[in-house]
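Below, each structure is written out as structure tokens.
Shared chain: subunit A. Partners: subunit B in the first complex, subunit C in the second.
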Partner chain A sequence: MLTYVVRRLLYSIPVLFLSTFLSFIFVSYAGNPLAQIRQNPRIPASTIHNLIVQNHLDKPVVLRYFYWLKEAIFHKFGDSLLVAQPIWPDITRTLGHTAQVVLLAELVAIVIGVAVGIYSAIRQYSAFDYTFTTISFLGYAMPTFWLALLLQILFVDIYLKWHVRIFYTSGLNSGSSGSTWSLDRLQHIALPVATLSIISFALYSRYMRASMLDVINSDYVRTARAKGVPEWRVIMRHVFRNALIPIVTIAALNLGAVLGGAIVTETVFTLDGIGYYFVSRLGTLDLYAVMAYLTVTAVIIIAFNLLADILYGYLDPRIRYD
Partner chain B sequence: MHRRLWLLVGLGAAVIALAASGSAGAKVAGTGSHVQPAAAPFALAWAHVPRTPAARKASNVLVFGMEQDVAGFNLAEADETEYWAAVTGESPVIRGDYIIDQNGNYHLDLASSVTATKSALTITIRPDAYWYWQGHPKMPVTNADYAYTWQQFMDKNNNVASTTGYNQITGYTLKGTKTIIFHWKTPFADYKDLFGYIYPSKALTGLSFNTFWLNCVCGNDGHPISDGPFYVSNYTKGQGVTLRANPDWYGTKPGLSEIDFKLITDTNSEIQAMRGGEVDAINPSPQTALSQLRNQPGLTYSSVPGFIQEHWDFQFGPKGNPLLKAPWMRQAIAMGMDRVSLIKALYGQIAPGQKPLNNPEYEIGPNATGANQYFAKWSFAPKKALALLAKHCTGGPSTPTRNNTAIWTCNGQKAEFRFNTTSGNQRRETSAAIFTQQLGAIGIKLDPTFMPASQFFGTVLPSYDFDIGEYAWLGTPDPSGFDAIYQCVNTAQNLGGQNYKQYCNHRVDALIKAGDAELDPVKRTADYELAAKLISNDVAIIPLYSSPSILVYKSKIKGMENSNNPTQEGPTWNAELWHW
Partner chain C sequence: MTEPTSSVPIGVAGRDGTLIEGPVPPAIDATVEAGLELKVRSQWSYARMRFFRHRLAMMGLVGLVILFGAGAFAGYVAPYSYSEIDLNNILHAPTTIGQHYFGTDEIGRDYFSRVIWGIRTSEEVGVFVAVVSSLIGLVIGAIAGYYRGWIDNILMRITDLVLTLPAIAILLTASALLGQGSQWRISFILASFFWTGIARIVRGVFLSLREKEYVEAAKASGAGDLRIMFRHILPNTLGPIIVNGTLAVAAAILTEAALSFLGFGIKPPTPSLGALVVSGQTNPQQWWLTVFPGLTIVAIVLCVNFVGDGLRDALDPQQRRIRA
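The block that comes next holds the complex of A and B.
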């Protein structure tokens, strides 16, 4: 197992190098970061010259990549392209906020999705099954920004009608408590968590239902029933546990993807998360901040892919790593 | 296997807890060598901010929705010139000679007198102006601060946003501690826009212009500094800014003890936050969805024309369609466009009554005399346009016809033009759709191309490779902001840097030059007005509309009646007057 992990980690180094190199080339050609500055006729030539020299914008793109790589490795991604803002504190801060929202959302989605998936499989083709199948597809198909806006309007209308503040519609805090797990923070992140949960719930409930149906008809389940094992025990001990294995893999992969930033959700709710950070930096063509985001995201995805593989082997003793 | 599963669940819980503790440690942004405010994280800074408007009223606190984050508070730095940095960290915090009101009029502020002659600019600082520097005794604002500010602008190592005007100063003489005489090689008539903010020289000792005030408006010890009605007590990246009343300010005592700017970047979310009482005021970018707030009980909705001029540029250079060099063609295009219908479509719901611009320079603020509507003669008149085209061209329609396909041919050239503008901008897409249809009805074909702003502004405009382009100019009430737009292009003399249309009229050039050096405001205005008239006669551009500036606030807040200031000062220009 250890050899396998080390090998996978070593493989990921060239993957990371290549992905950052290609990203750097593409992002560099996406636009001229000095275009907006050049538009302003009042900006003196000396300022433009300073910015070009300070940011190596007069050098070939390939060479600039290595300047960036040096900064990334030795100075934690260095500073933003034009404004001398250090990037690493921004990344750690925003990633922390994203993690809080995304992990909570995934937890809610997994718990509800798995429960609904189990019950739908047990009561296949029942009214419950049809209802939640419809809800799942709706959740899956609904555009995130639209769902987010609907939730915002709903809770503002509740506030206006009954003067009860259940949830806030944007930001991370409004006061009264600075704690991460304060009621105030939870009231702020509840709607983004709900938005992400509804979408992920659709995914998990469908997978869980399909996985349960695969297992529920297997020989060992039939044997257990023939032996007179109570039905709830058959479901929970023999069906549920085995059906959960693919869900763990999917959850690990999904988590890696959404940790890279729930871009739309974070933007609509103005959450100071990494997805929002990426969008705002991309808007100003802040190449170095965008690269930092892409690198961190790439690392997260590689890590969670590896985690998914390891977990699969950990949960299923039949899997062996060479 | 089930034991493994539970272990996994435990691991998941641990990860969530870890992530939570990570986000709990969200610190004031930025570390290292940059000077930081001695402020708590946002959540702690906001710990006492009441959640409801009623409670905020009781505590004298106001929460303001802020649409964009701040890259830095040093507005003179080339990359930190954003609007919200000015609204939060400049207008209410760092003052200058003048402050510009909601009508674009300049009022003496930090200076008690400013006198410009052909050889010098003399500034006297008001005697009661002091720096509030938290943790220090109050210090007077002195002429050394002015000298330091000028030196910062002229230092070639500094990434300054503009040296215009400052570079005409050759040196200075200090008189006492409150008067400074700047000597210039040639007078700079727009002197009121110089020294719009003054740096505290003592407090900034040892700091670099390119990096100070990235995350605060503070001295070299990280403590807030201000000579305005408020000081920045906290800034947390990605979340907001807190202002507190400055006890040492020379003006009217602020009516609020605190203003909290909460970052809400999405306009729809901003609207919901306003409806739901999460914020007390917003200054959003103009979008149709804002119409929801117009008639909302308990809210006051204000809309005024902004200093943003949306317009069409015609290409006069060799890369443009030669037909556009003919004045009659430009006149016909202008008369074929119903600008009123465009404005109704764009802003009818959120800024009713908005009119088309009829002057190639700003006709709002002090310029809005009503007598300078030089472009009005080219207003929508499709029959006149057709008559004009029929004189010079063949093959077009005889009457304006919807879905017309007959295009005029003039001097062997079809009346078909490339129309370039930025993509992802709903207003420009609407404008292209409406005008393509209207001009098509009189036999002129537009071929719209939408492209990323970086390509449009970075490549297409500077290479003069377009026939017609739509974009906006953003400026100050002073007409000299248009110099680089209408001057004949002369790279060697750094003239006409923004004249992407390559328009050139030497009479206009001479008038701009005269106006630029004329210190008599009456004569100066006359120079610029005549230039505007000539530009209108030439149909060098088609002025379309000015984007409205919107301010929505709770009607219970007093003192905000004149706060919708469309200049760079923004709504906080008179924040000291706000109160519940």
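The block that comes next holds the complex of A and C.
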């Protein structure tokens, strides 16, 4: 097991380097971040020249990658290309906010999705099953940005009509700063969390249902019933526990999609998360900020995929890694 | 899926149902003597039957024909052009007067017409991406699975790389930097990232089938690599390819809508359903600006997914009825 983990970790290092290298080439070839600055007549040519020299923009792109790599490793991604402020504080702050929203959303989606999946599988083809099948089909077809916008408009309307503030529809806190777990914060992130969890819920409930049905029809469940084990015990001990194993993998693999959904959701709710940071920096072609986002998310996703594989091996002794 | 074969003993009926010369087995003799009609069915006709009996799939197909039909003939269906400005009718609520069924937007353009033209754009993106990415994925997956070796390695490494980032982040970067604009440009960008899924599926089928006896037999009788790949193995991958191609239509439409909504996709004046939702965002009091384009996206994707599920049940019965 340990050798497997070490090997996977070693393997993810070249993947990460290659991924950042390709992203860097891609990002720097396609857009000229100075085009906008050049159009501003108030910025003197000497400033632009300094920017070019500082950022080695006159060097070949492969060389620039290594300059960037040095900055990224030794100076935590260095300064932003255009705003001349360090990137790392922005990344940690926004990532913290995104983590709160995303983890809360995943928790809600997994708990409800698993519960619904279990009940749908036990009462297969019941009205309950059909209702939630329909809901999950809608969840699959729902564009995240549209769902977010609908929720936002709905709660803005509620506020305008009855002057009750249930949930806030933009931002992260009412004041300039607020604690991470205050009621005010929860009122702000409730709608983004709801958006992301509705989308993920569809996935988890369907997979849990399928996984339960798989296990329910297996021989050892029939044996357990034949032995006279009470039905609830069969479901909870023999079926549920085994059916949950694939969900672990699905949850980790889904993280990429959730981070993608967070980009859209945070933009709609103008929430100071890493996705919104990415989109706004992409809009100004801020090369180094975009690269920082791509690198950080790549590290997170690689880490979660590894975690999923390890957990999978731990939960299911039939899986062996050598 | 196996090779399309007849359901009665070989030597009696060909694939298309015509009788072939040869000894007739006694069971068939008896059937014919009893005056019963003998109908020969291929695997494809069984699949067709399963598909047409799939209620949801048929509903999806009907919905899709209506929606995509309206999009394809947008010039005839839409009462106005998508860019016709009417400053006397700004932000008008939905009404049958003047055929503004979905109301008008902030510069008085008829929203119903804009949605219809938006369907056309989505349709173009969805179909283009599905067809092109399936073809790329098919060729690359076939080569990687059949020859294995370095090309297989490269393919799997590329897939690993693509998996290290949220798809939408890659696509946002790509379209922000390679230039946004026409639907073809966006489709091209989407297609150049969508092929990996199909390539992996095709590769998997090729990896397992290249070891089968019938491939060995074909090799022994002197068939070349290309003939084995495309004549003998490829038909077995068609089921999964059709299913995944169909689902790729939905995924491409959703992705394009998200990109356009964020302002990195299709640029005006080309109407796109995702970009239309933006005018709903800037005018939150005018509910029709948000609701209609969004509902249209949901309807299209729902219908495509129903058809895709029906196709999966029909063509690929072993696979579980669940979508990732």
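Assume the second predicted complex is superposed on the first by the 311 of 322 C-alpha atoms of A that agree within 3 Å, B and C clash if a C-alpha of one lies under 4 Å from a C-alpha of the other, contacts with A are read in each partner's own complex, and residues count from 1 in each chain.
Going forward, contacts are C-beta pairs under 8 Å (C-beta built on N, C-alpha and C of every residue); 3 or more make two chains touch, one makes a residue touch a chain.
Please read all numbers here as calculations on a predicted model, not as lab measurements.
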In the overlay, answer first, second, both or neither for which of subunit B and subunit C A:Arg241 touches. first
With the two complexes superposed on chain A, say which partner A:Leu103 touches: subunit B (first), subunit C (second), both, or neither. first
In the superposed arrangement, does subunit B or subunit C reach more residues of subunit A? B
Per the contact definition in the header, classify A:Gln152: touching subunit B only (first), subunit C only (second), both, or neither. both
Based on the superposed arrangement, let me know which partner A:Arg93 touches: subunit B (first), subunit C (second), both, or neither? first
Look at A:Leu285 in the shared chain and tell me whether it touches subunit B only, subunit C only, both, or neither; answer first, second, both or neither. both
Given the touch rule stated above, what does A:Met142 touch, subunit B (first), subunit C (second), both, or neither? second
Of the partners subunit B and subunit C, which touch A:Ser126 in the superposed model: first, second, both, neither? neither
Once chain A of both complexes is superposed, is A:Ile263 in touch with subunit B (first), subunit C (second), both, or neither? second
Would you tell me the residues on subunit A in contact with subunit B in one complex that are also in contact with subunit C in the other? 30-31, 149, 152-153, 156, 267-268, 285
Contact set on subunit A toward subunit B in their complex: 30-32, 34-44, 46-47, 50-51, 82-86, 89-90, 92-97, 99-100, 103-104, 107, 149, 152-153, 155-156, 159-160, 165, 168-181, 185, 237, 241, 244, 248, 267-270, 272, 276-277, 280, 284-285, 311, 314-317
Provide the residue numbers of subunit A that touch subunit C in the complex, in ascending order. 15-16, 18-19, 22-23, 26-27, 29-31, 137-138, 140-146, 149-150, 152-153, 156-157, 203, 206-207, 210, 250, 256-257, 259-261, 263-264, 267-268, 278-279, 282-283, 285, 290, 293-294, 297-298, 301-302, 305
What does subunit B use to touch subunit A in their complex? 1-2, 4-5, 8, 12, 15-16, 19-27, 29-32, 34, 40-44, 46-52, 63, 69, 71-72, 77-80, 156-164, 167, 210-211, 214, 237-240, 262-266, 268-270, 272-273, 275-278, 452-455, 457-459, 461-462, 484, 497-498
Complex interface listing, subunit C residues touching subunit A: 157, 160-161, 163-169, 172-174, 176-179, 250, 254, 257-258, 261-264, 274, 277, 280-281, 284, 287, 290-291, 294, 297-298, 301-302, 305-306, 320-324
